[in-house]
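What follows are several structures.
Shared chain: chain A. Partners: chain B in the first complex, chain C in the second.
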Partner chain A sequence: MTSPLRIWSLPWALRYLKHEVLALPGRTAALLFVLFLLLFPLFSQDPYLLRVLTLTALFALYAASWDLLSGYTGQVSLGHAFFFGLAGYASAILGRELGLPPALTIPSGALLATLAGVLVGLPSLRLRGPYLSLVTLAFPIIATGLIFLFPRFTGGELGLSGLPRLGQSRLEEYYLVVGIFLLSVLFLWKLAGSRVGLFFHAIREDEVAVRMVGVNTVRYKLLAFAVSAFFAGLSGGLHAHYLRVAGPDSLSLFNSIQPVIWSVFGGIATIYGPVAGTFLLFPFLEALRVAEELRMLAFALLILLVMRFLPQGVVRGVLERLEEECPRCKVKNAFTRKACRACGVPLHLEAREVKP
Partner chain B sequence: MVRMAALVLGLVLGGGSLAQVLRIGVVGPMAFVQGEHTWYGATLAAEELNRAGGVLVGNQRYRIELVRVDTNEMTSVTDAATAVERAITAQRVDFLIGGFRSEAVLAMTEVAADYKKPFIITGAALDGILAGRVDRNYERFKYLFRVSPTKSSDLARTSLLLLGEVIQAVRRDLRIERPKVAILAERAAWADPLVETASRLIAAPPPQGYGAEVAGTWRPSATATDVTPELTAIQRAGAQVIFTVLSGPVGVPFGRDWGRLKIPAAAVGINVEAQQETWLKATDNLGAYVATLNTLAPAVAITPKTIPFITNFQARFKQFPIYTASGAYGALYILAEALNRAGTTAADAVVRALEATDYTGPAGRIVFDKTHDVTWGPGYTTGLGVQWVEGRMQAFWPRNWRVGDRVVSYAGVRPYQLPPWVVEAWRR
Partner chain C sequence: MLSAILVNGLVLSGIYGMLALGFALTYGVARILNLAHTAFYMAAAYGLFFFLGRMGFAPAALLASLLVLLIALAAYKLLLEPLREHEATVLIVTIALALLLQEAVLLLFGAHFRSVPALLPGFVEVFGVRVAQQALLALLFAGVVLLLAWALLKGTRLGLGIRAAAQDQEAAELVGISLSRAGNWAVGLGAFLAALAGLAVAPMATLEPHMWNAPLLVVLAAVVLGGLGSLPGALLGAVVLAFAEVTVVNLVPGGAFLRTAVALLILVLVLVFRPEGLFGTAFAEER
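Let's look at the complex of A and B:
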């Protein structure tokens, strides 16, 4: 007789890997993706490729942060660049004025963005739908105005340059950003799957009903704003130090719209959807540099096609075809299985003609 | 044995042909006229240099190969910086020229500095791109140079000199001893110091100032589509001159409304829209008599190279060159001469040779100052004052410009003409 497996022991991990990860195409893809990111430098240390992947990881975190607020909680932010840009500027100014290293200024910038998230969230509590989106849209515009108002402090149109580097080489910067990205996305994913995430979902679907059962929706909405702003700020701070410039471009409308495009492309309210969306679209746009005139056109065409044929986003669209839910126990199964891996119920029941 | 011979032959041929090519990245927003003209200007220079046998470096002749780098910098600074890293690492360029949007140039030059690649800026004007970087952190930023335009504080100086020229014309032709000047500046940070300096200079007594009166300051949005309220207010304020500080699209509605309402005040200063050859078409011919600073004008020989450059450019590209074209054209020649003087392609030696540049190009004589910026002033690069008269762009400044004991005039520069309705309204 064998003794029960101890959790976190090696045999347990192997079994978990076999039965819970490799059994499902989605989870296998996620594992391969993480391995790819961690092992990529073993195959190539081309600085340009590392740069593209680093920026993609940065923006994927930014898109995931948007998804938590807008996809899960339904508070559609069209001014997410406010948090992204604000943290970049805060980190640059703190570094310049106090001489602090990026390891301190980037988290400080992200905390300031968190505070800004709560402040943006407060007036937004009375607004819903497109009205809320319009209010969020105003914040980066106000911030840009303030930047131009105090050029001596903010560098005006030119922005602030000469920020310290994140690492000594592109490789160091790559591992730092990828590490932060993986941990942050794991946190966001766990949060979205937790009880709190359930409330976020519920607020999006029917806020009045959630309030009816005694949940303080104000607190959860502000929490969504704060957490989302923190991670947007974190990516904004990393981005400023990676480019070594914190400028008004980080607050541009284009920068606010980008996470929306990536998230909708990948599939909203999933966290992994925006990550996949960014990792597909950002390198794709880079690859299109070979056809400079057609670059933006081809990019727009791809998005249109995906929205036409996979309106729920690429990831969901693909996963729905690769995985199947057991009609009895609701466990997910790979599309190749004939019977459910948990309860053994046949999965592909063909409709048989019933004779009277 | 055969394989060995093939290998040696391959090395000689392959290595030899590779060593004879200089790859130069031309960076800019290629979907916009500024980027497109950067590319055109560089192309013209590269063709001329290659036709003349290439660039002699040491005892080796190099052929120039241009690499077109679309930075998409108008939309995304991140994209611009990535484009430069791609050009350096994947497309293996040795030198870079171009750049237009100041914020993007800042990020792009950070990448160039990381790789120690000389970068000659040809389109961005803000002072802070070089000042505070090359002088404070020389070892990192010594690879950056600017040939055009003159830095924004020098552009401001030129525009104030143009204003002085028009104030003189008002005094002379309208016999108004103390003209009133209205300041019309777009609401942007870059315009603020210029508005402040202009206000001070207009009111100060000569010889330091113009001994005129400030009628007021109006600040429309850079993207305004109607400036009628500002213009009617300026008319009510009794101004004879409008000093414009406009870089955005507001320049076009300004020209249209000003000509349509026949505002009795002469317009002069900076109006980027009026620098383009499409100005009269864009304003339905109502923008006639508008004056602005510019880099080149038809039939004005700033140097002996100006007219041949404009003629060749127009023959090849069917357009009148803007400042990024003359900048990129000059930049390539400056680089070629520096390589020739350095006798090597090693970046540090080329930088030292670039610092010793004294080159006369189509837009003026280029000598770098201690921040590697183009020197402004008589005998160097000054820019032009141009005015739209008789359906074409005509230069009116510098004409008998006295600086110390020097008198600066360019061939083909005609006197400034006040708009006839201004003369009619104010002549006593």
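Let's look at the complex of A and C:
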């Protein structure tokens, strides 16, 4: 459809912007979202707002990593907090024992999470559906039990506090986290759109059929576990250093369920859906702190109502109304257009009465 | 020590058995992985606490279980049945439902620990272990409830339809079983069993709005251990995990931290060797 983006040619880039980005509501929203994240500190440097946005970006990466494994590949993980929490603890303990800076310990934590992802993924070769979900659910809970059992090494109930900060100032931390978030999500999105992503889709739909055409599904499932665990671990490590504590909360059942809620709310198997879901729900939950007692009640009610009427998730539900596919060339068009922007076919064929 | 494990394990088996059977029914027939199942149990316990202040034990228990049944059926009809095609959505709707019940209880009763007076106060000695009479009563109650449920499932045409739908949905539909009706009955029966478990536990445990978390994991593990869709498997899983939990708490130092972890470890080990659980059948859709 479109040739690769030639950003070195300004007129070409402008034309691309006009015809391929601004022509579609979904892409315009994505562009505005990235600009908003990058330019936000120019308008406000309120520490509270920066903190909420930083945490939201961290959790959005966490949700997107869940989506790659569970939305695309269909291996529904109910224990994603295992990777998130494990990387946080690993980073904290490495920093404490070896005195390494966060720039080294966070990636090592994420790599350890990747290893854990492959280990957790091994049962997936034999288990399917709810059986696998339940096995993944077990891991963070077993880990929590071990953490409480060895409080000298792990800090027990209080966790390990006083971790080194990510950056010198709030602003530096914000840009670091937002930068990592944007790059990681771009990577996940490109991966999901690639040939590998196609295999992930296919494994979810019918694994036997994929194996029949000669694809090594074991390798792809383990790859999905590894990549997903890496990014969950990355966000977990950043989260621990941002809050400066790695505690058992990061392994709790609630923390495993959270990415599921955000992703399904936004729309699974899209990567941008979980990001949108997190950026809608997490700040909403923060804003509800004005009414602390009704906070979770309103949150649960909102989820029930929205899911009842947009069961495929908010992003898909809204985009379906704002964009439509050309019946002939399958290019997406804004809902305002009368004819397809690529091939000129009329989009809304009005039902005319056929004269006999 | 051994007799303590035996007696307490049996009492806990009864409670988990009721919960697991209800969960297995809901999943087997309506294909809903109901994460709000133990929230129903919590709601019934609080319902009993609320109604006991106004009337005797029997009417209060009846009202509490009917209230839970009503909530469950309304949620099924209004929220879950229309969304059945979207599996992930059903999952988070049940989570939201559990949160909703938890927060409603928190608003109405506060976060304080509450307790329901025991129906039979006092202790008796069984095999040299001091056991609360209330616990024995709960065991008896669980036994009767499970026998009745078993009689309903094994002895009636309705039960036959429910078991058939749990085993193989397509084949059941082919021989003329209405899946939607079997689903209604299974969801109602499942919620009712959860409510009865809540009533049995209320006089022995402290009530607090988060009391649904720990049993949820055990019930999930028990049902999967036995094999999804297998009702005897769910009961057996509940018994195994109840005894494992009691053994760990009694024998291992610091075992209280590990009680859920050990239950789940058993689950992982069993599934590695038998991926479909102890009594699992491969579902027609997944064959």
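Note that in this section the second predicted complex is superposed on the first by the 348 of 356 C-alpha atoms of A that agree within 3 Å, B and C clash if a C-alpha of one lies under 4 Å from a C-alpha of the other, contacts with A are read in each partner's own complex, and residues count from 1 in each chain.
We adopt the following convention: a contact is a pair of C-beta atoms (placed from the backbone, for glycine too) under 8 Å apart; a residue touches a chain by one contact, two chains touch by 3 or more.
Keep in mind the model is a prediction, meaning the values are calculated, not measured.
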| item | value |
| --- | --- |
| When both partners are placed on the shared chain, which of chain B and chain C touches more of chain A | C |
| Contacts of A:Leu304 with chain B and chain C, given as first, second, both or neither | second |
| First, second, both or neither for A:Gln312, with chain B first and chain C second | second |
| Touching partner for A:Val76 - first (chain B), second (chain C), both, neither | second |
| First, second, both or neither for A:Leu158, with chain B first and chain C second | first |
| Touching partner for A:Phe148 - first (chain B), second (chain C), both, neither | both |
| First (chain B), second (chain C), both or neither touched by A:Tyr48 | first |
| Which superposed partner A:Pro123 touches (first chain B, second chain C, both, neither) | second |
| Common ground on chain A, meaning residues reached by chain C in one complex and by chain B in the other | 148-149 |
| Chain A residues touching chain B - in the complex, by the definition given at the top | 46-48, 51-52, 55, 148-149, 151, 155-159, 161-162, 239, 243-245, 247-250, 254-255, 286, 289, 292, 295 |
| In the complex with chain A, residue positions of chain B that touch it | 30, 68, 70, 72, 75-78, 81-83, 85-86, 89-90, 102-104, 106-107, 110, 126, 128-129, 133, 137, 188-190, 192 |
| List of chain C residues in touch with chain A within their complex | 27, 33, 78-79, 82-83, 85-86, 88-89, 91-93, 95-97, 99-100, 102-104, 106-107, 213, 217, 220-221, 224, 228, 254, 257-258, 260-262, 264-265, 267-268, 271-272, 275-277, 286 |
| Complex contacts: residues of chain A adjacent to chain C | 70-71, 76, 123, 126-131, 133-135, 137-138, 141-142, 144-146, 148-149, 253, 257, 260-261, 263-265, 268, 293-294, 296-297, 299-301, 303-304, 307-308, 311-313 |
